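Shown below is the structure under consideration.
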Amino acid sequence: MELNNQAELSPYPVESSRQKENMSKKLLVLLKKLLTSKTGVVGLLIVLTVCLMALLAPIIAPYDPNKIDTANMLKPPFWLINGDLSHILGTDNLGRDILSRLIYGSRISIIVGILSVVVGGLIGVIFGLIAGYYGGIVDSLIMRLVDSFLAIPTTLFCIVFLTVLNPGLFTLIFVIGVTNWVMYASLVRSETLSIKEREYVKAAKTIGVSNFNIIFRHILPNVFSSIIVISTLSIAGTIITESSLSFLGLGIQPPAISWGIMLSEGREHLATSWWLSTFPGVAISITVLGIIFLGEWLRDVLDPRSRGTKS
Amino acid sequence: MWKYLFMRLLQIPPVLFIVTIMIFVLVYIAGDPVATMLPADASPEEIAQFRHALGFDQPFYVQFGNYILDLIRGDFGESYQYGTSALGLVLERLPATLELATASMVIAILIAIPLGIISAVKPNTVIDFFATSFSVLGKAIPNFWLGIMLILVFSVTLKVLPVSGTGSYAHIVLPAITLGTAMSAEITRLVRSSMLEILHQDYIRTARSKGLKYSAVVIKHAFKNSLVPVITITFLQAAALVGGSLITEMIFAWPGLGQLIIQAVYAKDLPIIQAAVFVTASMIIFINILTDIMYRVLDPRIKFI
Amino acid sequence: MRGKFSTLSIYALVSILLLAGCTTTSKGATTEVTKEEDKTLIISLGPDLMTWDIHNHTTTTTEAIHVNVFDYLLMRDKVGEIQPHLAKEWNKIDDTTVEFKLNEGIKFHNGEDLTAEDVKFTLERVAKDDTLRSHGDYDTIKEVKVLDDLKFQIITTEPDPMLLSRISRQASGILPKDYIEENGWDHFENSPVGSGPLKFVEWKRDNQVVLEANPDYFGKKVTNVDQVIFRAIPEDSTRVAELLSGNIDIVANVPPSDWERVKSSDNSQIVNGPSNRNYMIFLRTQEGWPTSDVKVREAMDYAIDDQAIVDSLLNGGGTPSLSRVNPGDIGAQEELYGKYNYDVTKAKQLLAEAGYEDGLTIELSGPTGRYIQDREVMQLIAGMLEEAGIKTEMNLMKWEPFVELREQQKFKDGYLIALGSSFFDAGQSLNYYGTDRASSINGYSNPEVDQLLSDAETLMDESARIEMYQRVQDIANDEKPILPLFQIDQYFGVSKSIEYETRMDELIYIPDIINK
C-alpha cells in the first residue's frame, strides 16, 4: 500500500466488514445509540439550533441586520452600563444590531460549511472511485495530482485562487471545496481498492454487470459511512477557513454577513468594544465544537476502525 | 525498502512539475501585476507603456516558454516588487518560519500528550471531557482572534511577554501558542484513541496481571507504542504549518514566509509565489516521505509479532 | 450529565477569562518607558520597506524611510512649501531650462562629494529608463546639463510648470554615481549610500530597517538619538499594542477605534494632521448609465452627509470639501474647501426631476483594507444613498483586484477611492477631468475644461495658471463627474516623550522629531 497522505496513514489497517443493512432499521439503531452518548446529544442540539437559526432568521431576528444607525453606534450588550434591552448583544461600529447579524450570519457560515464540503466531496469521491477501481495509469495520474494538491498549503492555495476569481459566495464555496477534495479522493481510493477485491464484486464482474453499476451499486454504498464521518469533521474546518479568509479580506464582502466577516471586522475593536468580535467568535467556537462532537460520535458508531475506542 | 524509496523519489519531479504549472496558469489568469505596480493615479498610457517594457504584453506561450526555460536552468527570476532574486528572498525567510513551526510543534506536543494520556486512562470521565473539549477548542477558535487576544492579555495587560517581532526566546512564545493549540487538537485525539486501543490489548492486560504498576504500564508500554502514529501526524501537521502559518505570522509581525507570500499573491509577484510554493512543496513532500519511511520502519505491530 | 456540564462550564470559564482580558486593557498601561538611555527611536509605519532603489517603488511608507537617507534638490516643509535643500538657489533661464546651484561641501555617507554629476546620473536614470516604476513622473526631463561641480541645468521637453514639484518628491533623492557605477546596483541595494541625516546600518526584510545618525550631515542634524529603527508590523492592532506596552515610540495609522485608548494611556498620545488625500466617488457619465444625468449625480451629492461620515467613522479626523485639490496645493479653489451638500429632500426632488420618482439601483465598487475605514465608509454611503431612494449595491474587494477592475473599466456606475496628490499641484490632481484621461474612466468630456487643462499644462505664468485650475474646479463642481467627499487626516500614535508633527506629504523626517 502506498502511503500518500494523512488518511492513509491512519495506524489501523483498512478493514471493512460492513454488510448492506436495512436503512430504516439502521437509522433507528443510530438514534438509540445517539441518546446514550452525552457529547453526541450536545453536538446534535448545537447543530440543530444553528440550523434552525439559519432557517428562521427573518422571523427571529429583531432588526434588519444591515440597518445602519449612526445614533446608536457601538452600544454595549444589555448587562453593561449604557446597554439596554433594545439591542441585547449591543451594536457594531455602524450601529447595526449584533444579535440580528449573528442570526443572519449563521446562514452563510452554514451554507459555506456544508456546500463546500459537498463540492470537495463530490470531486474527491468521483476521482477516488475512478482511481481505486480502474487502477493502473489512471490511478497513477490521479494520485500524482493528489500529491500535487497536498504539496501546496491550503491557505496559500485559497489565497491564490481567490485573487484570480472574483470574490463571492459561490467562488468561496468552490475554492474551499477544491482545497479539500484530495482528502476524499485518497480515502475513497483506498477503500475502493479493498472492496473491489471482494467476492461479490468479482462475481458481479464475471456475470457482466457494467463498471458503472458496480461502482455505484456495490462500491459507493460501502464507502459512504466513511465519507459521512470525514465530512462532518471537515465542515468544522471549513467554517474556520471562511473566517480566516475574511481576515485576509478575501472572504465574503458586505452587505453579505457571515460570522467570519463579523469576527474579522470587529477585531479592530477588540480592546475597546469587545462584543463586536467576541460574540461571532463564540458562535463559531460553539458551532464547531458541536459539529466535532457530532462527528466524533458518528465516527464511533459508523467507523469500524475506531470501534475499539468506545468503552 | 530501497526499491520503495527509489519509487517514491521518482514521483517527486512530476509532482513538482504539476505544481509549477498549476501556479503559473493560475497567476497568469489572474492577470499581470503591472497596474498594481504603478501609482494609483497612473494613466492608461503609462500602464500600457510599462506593460510593454516588462514584456507582459507577449502571448501566453512565449511567457510560459520563457518561464519554463528559466526554471529548468534553476532560475526563479527576480521579484517584480523587490527587484531581487525570488528564491533568495524565500530562502532568507525560511529559517524564521521553520523556527516557528518547530516551537509550535513542541507546544502542541506538550499540550497534547498529557491531555491524551489522561483522557485515555480515564475515558468518559469528567477529566476526559475536560481534556477533549480543551483540545477541540484550540481548533475551534480562529488563529487571528486567539493571537490578538493573547497579545491583549499577556503583552498589553500583564506585560509579561513581548508583543511582536523577533529577538529573544520570549518573542516566540505567543505565536507558538497560537499555532500550537490548533495543532494539539488532532494530536490529542490521536494519542487518546491509539492509547485506548493499546490499553485494551492482551499484552497490556498480561503486564498488569503480572503485578506491574498501572502508571508504569501506561508509560512504558502503551504510550511508547502509541508514539509512532503520534509522531507521524505531528510531522505532517508541522509540514502543513510551513505554509499554514501565514496569518499568525502577520499578527505577530514574525519575519517568516507568511508576509512575503501574502504580499506576493496580492501583488501577483509570480517569481516569489513560484519559489515559495516550490520550496514549501518540496519540504512537504520530503517530510511525507520521511514519515512514511519512519512509519514503515517503526511500526509497533512488527515488533510484537 | 456531569460530562456535558463540565464541557459547557469550561467553555464559559475560558470565555470569561478572555473577556476579562479585554475589559481591563485600558487600565493596564502603567510602566514607564525609558527609551532615552539607549537613545534608539523605534517607529512602525506598518508595511516593510519595499526596496532601496528609490526609482522603482511607488509607496509612501517606503519613501518615508528613504527621505532620511537621500536628499532631494528641494524639499517641502511641514505645510508643503518648497524650500531650498541640496540646491541653495535656482533660476529660470527660459521656459524649458532651470539652472540650479548646489550647496558646497555636501558629502555622501562614504565620504565622497555630492556633485552635479550625481544629479545628472540620478535624474537621467529615472527619466530615461522606462522599466522603472517612477519613470512616468519624470519623463518630461530631457537632459541634465552639468556646468561645473555645483552648477547644472535641468532641460525639459516642453515648458513644465510642475518641474520644481517633481524634483522635491518621491524618487528624486540624489544617488552616489561613482559608488553605484563601481559596485553595481545589487551592491547598492544591499548597502545603500546617500547623503541624508541618517546612515544605513542594516535591513532585515519584513522585520526591521536600522539607521544611525549621520554626524557629518550638511543640514539639520539628528542629535537626540543615535539609532532609528523602522519595524514592519502589518496588523493595526499589533502596532497599537506595541505602542501601548511602550516598545515603540511612533506608530502610523492608528485605527479610529483605538484613539481613545491611546489617549487615555499614561505613556502615549495621538498626533494628527491633514494629509493630501481625499475620498471621492467617480461616476460614469457615458450614455446608458443613470449617472450620465447630472441631476442624478447631484442628487447623490445631496444624499451623502460628508460631515456625518467624518464624525462617526473617523472621529472627526477629516474635512469635507467640494474639490479634491486641497489648500496648500498650487491651484486650489479654497472656496470649495470645508463645504459639502447635504439635503435629502432636495436629493429626492432632483431624482424625481431626472425621472426616478420610484428610486433607482446603482452599483458602486470600492477597495477594502487600503484606506482608513474604507469598507465602513462605503457601507455608510450606501445606507445614506438608500435613504434618498438610490438603492446601492456594493462591490467591495481587495486593493489589487480593485485596481484591475478600474484599469479594465469593469466597474458599473462608479467607484469609491481615496487618491492622494504627491505633487501638491492641481495640474496632477485635475488631470482626471480631461477628456483624454476620463475616456478610460467615467467618460467625462467638456471642451472648456480640456482647453483650460492643456493651456495650463505648459504655462509658466503661475497666477494665470492658478486661475485656470480654479475655473476647472468650479465647472467640475457644477457638473460633478466626480463627487469629492472629504480630505482625510493622518493619525499617529506617539510616545509622550516625543514631540512630533505630521507632514502634509505623510513622510517621517527624523531631524524634525524632538525628544522632550
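Letters are used for the chains, namely A, B and C, taken in the order the chains are written, and counting of residues starts over at 1 for each.
As a convention for this text, a residue touches a chain if its C-beta (ideal position, glycine included) is under 8 Å from a C-beta of that chain, and two chains touch if they have at least 3 such contacts.
Because the structure is a prediction, the values reported are computed rather than measured.
J.: Looking at A-C and A-B, which pair shares more C-beta contacts?
T.: A-B
J.: Could you say which chain's mean Cα position falls nearest to the mean Cα position of the entire protein shown?
T.: If we average C-alpha coordinates per chain, B lands closest to the whole-structure average.
J.: Where the CA atoms of subunit B average out and where those of subunit C average out, how many Å apart are those spots?
T.: About 37 Å separates the centre of subunit B from that of subunit C.
J.: Based only on mean CA positions, could you tell me how far subunit A sits from subunit C in angstrom?
T.: About 43 Å, centre to centre.
J.: If you average the CA atoms of subunit A and of subunit B, how many Å lie between those two points?
T.: Their C-alpha centroids are separated by 21 Å.
J.: Of all residues in subunit B, which are in touch with two or more distinct other chains?
T.: Where subunit B meets two or more other chains at a single residue, that happens at 124, 129, 133, 137, 148-149, 152, 156, 266, 268.
J.: Identify all positions of subunit A at which a residue touches two or more other chains, and write them in rising order.
T.: Within subunit A, the residues that touch at least two other chains are 39, 163, 267, 270-271, 285-286, 289.
J.: Among all residues of subunit C, which ones touch two or more of the remaining chains?
T.: Residues 3-4, 7, 11, 18, 22, 25, 237, 398, 400 of subunit C each touch two or more of the other chains.
J.: Which of the residues in subunit B come into contact with subunit C in the complex?
T.: 31, 35-44, 46-47, 49-50, 53-54, 81-84, 89, 92-93, 124-126, 128-130, 133-134, 137, 148-149, 151-153, 155-159, 162-166, 250-253, 255-256, 259-260, 266-268
J.: Mind pulling up the subunit C residues that touch subunit A in the complex?
T.: Spelled out, the residues of subunit C in touch with subunit A are 1, 3-4, 7, 11, 15, 18-19, 22-23, 25-26, 236-237, 240, 255, 257-258, 260-261, 308, 312-313, 368-369, 375-376, 378-380, 382-383, 394-398, 400-401.
J.: Help me check something: in the complex, which residues belonging to subunit C touch subunit B?
T.: 2-4, 6-7, 10-11, 14, 18, 21-22, 24-25, 28-29, 31, 48, 50-51, 53, 56, 58, 130-131, 133, 135-137, 186, 189, 204-208, 231-235, 237-238, 241-242, 244-245, 247, 398-400, 403-404, 406-407, 417, 419-422, 428, 431-432, 437, 440
J.: Quick one: which bits of subunit A touch subunit C in the complex? Just the residue numbers, please.
T.: 38-39, 41-42, 68, 70, 73, 93-94, 163, 166-167, 249-250, 253-255, 265, 267-274, 278, 282, 285-286, 289
J.: Inside the complex, what are the residues of subunit A that reach subunit B?
T.: Touching subunit B: residues 3-6, 9-12, 39, 144-145, 147-148, 150-156, 159-161, 163-164, 236-237, 240, 243-244, 247-248, 260, 263-264, 267, 270-271, 277, 281, 284-286, 288-289, 292-293, 296, 306, 308-309, 311 of subunit A.
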